[in-house]
């Protein structure tokens, strides 16, 4: 069973069990949303988007064609995804031809499992946000974010490391909250149990 | 008498006289909104929020649980409050326990009397914005803002002082618009009549 | 013929042929919107706004009184315009008089033909964005942007030049995409055929 608020619009027939879609949200035809997600008020999910299971899309988040969001991701309120590096009004005669085919303009974005995008973040097209990464509120994400990385600012810069559980990691990379140990090899942090 | 637009949702029974709630806005059960407020289009006010009298919430502002807004505050269009320092999708098994109790994650925010938050500002959890402070459009407010302080940027930094009437103060701290004199003691500015 | 989604509100009688207004959008009385525009979901267009032909207003863009948008402009998702340099809640007794007349507070903004404002941009009041300029996603536009200029950041700074077709120009100012040559005289770039 899924729940669609009477003031929401759900045109997709590919929304998983246990997912709730709140007022003024719109999940368009051709969008795929997994199980047990929360699609907050006034959220927009365009056709072609793929959203995993247990994802939280907070109020007013906008997810456009070309974006894939893996399981357990948190997308904060007002987060905006993008999919065109050189946006122009497609109705302008000069660029009409460019917008005839998606391959001319569409750039894809991926948000890895368990990552969090803070309130009001803007995600530039083509970016990959690694698993369990955390973008602080107000981040403008212009480049790839490695797994477990904390970023913040405009443009977003690295600020530290974060555990899958959400706690910021101390320099020794052992989580003070859940006890998970992590190992850093080059730029890659992994949980070591 | 209060006004609720036919396309708005008001589930709260604690909204003051003279307050107007516009289309696509939602004031949830358990939210308290004072008298003579303006709740703009598509504004979201969650349960547990307290809003004073004569407050303006411009379009699409989002006010979540844990936020208190005193009298006469201006919350610009698209302003986003937050209430969790380490947000994760509450549906992720790893963090399910954390989200069982508000005390595990909820951080409170206060906006003092007569303050203004410019368009698109993002307010980090736990911040206090002082009375009559002014955050410029696009501010990301990561720390407390003293009364009458002007801040701007990401992160927001001090840029000057502002009179209660909204005019930026010159170095001598006498308002060119309303004539109010101010005195600075340490970091604290007060109106001196 | 124009199209107004059944969940949209259009109170203006000055919307051009071929324009489509999508769900949860609101075009207020007194707003003028040209022909063949796309007014995305949850967009807000206030009375007094003038929008040209073939303009794209992406989801949740907010356009307030005092803003003029010329033909062929792209306004990205979540873009916020502003119109008051010293915003206070108009309901606060101290400033009631100021808000009695528009001339006391209203500052006008212009977006020139064919320009693009990236996702989540915030436009300060009084700014002129030149024709075919491009503001990157997340820009906070605090000053005028010359024609064909690329800006990005908070505050937005110059980053290069862009062709009317949307391609970033190389140092020699000949567009690699459409072949248009440009000439730079002082701070002004013009297409030279």
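As written, the chains take the letters A, B and C, and residue 1 is the first residue of each chain.
We adopt the following convention: contacts are C-beta pairs under 8 Å (C-beta built on N, C-alpha and C of every residue); 3 or more make two chains touch, one makes a residue touch a chain.
This structure is a prediction, so every number in the text was calculated from the model and none was measured.
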*Superposition of chain A upon chain B: rotation angle, C-alpha, nearest 5 degrees*: 120
*In terms of residue numbering, is the interface formed by chain B and chain C classified as same (over half shared) or different (under half shared)?*
different
*Any idea how many Å lie between the Cα centroids of chain B and chain C?*
26
_Residues touching two or more other chains, restricted to chain C: which are they?_
24, 42, 60, 78, 120, 154
*Flag every residue of chain B that touches chain A in the complex, lowest number first.*
9, 24, 26, 42, 44, 60, 62, 64, 78, 80-82, 86-95, 98, 120, 122, 124, 140, 154-155
*Going by the contact rule at the top, pick out the chain A residues touching chain B in the complex.*
7, 23-24, 36-38, 41-42, 53-56, 59-60, 71-74, 76-78, 114, 116, 118-120, 134, 136-138, 153-154, 162, 164-168, 178
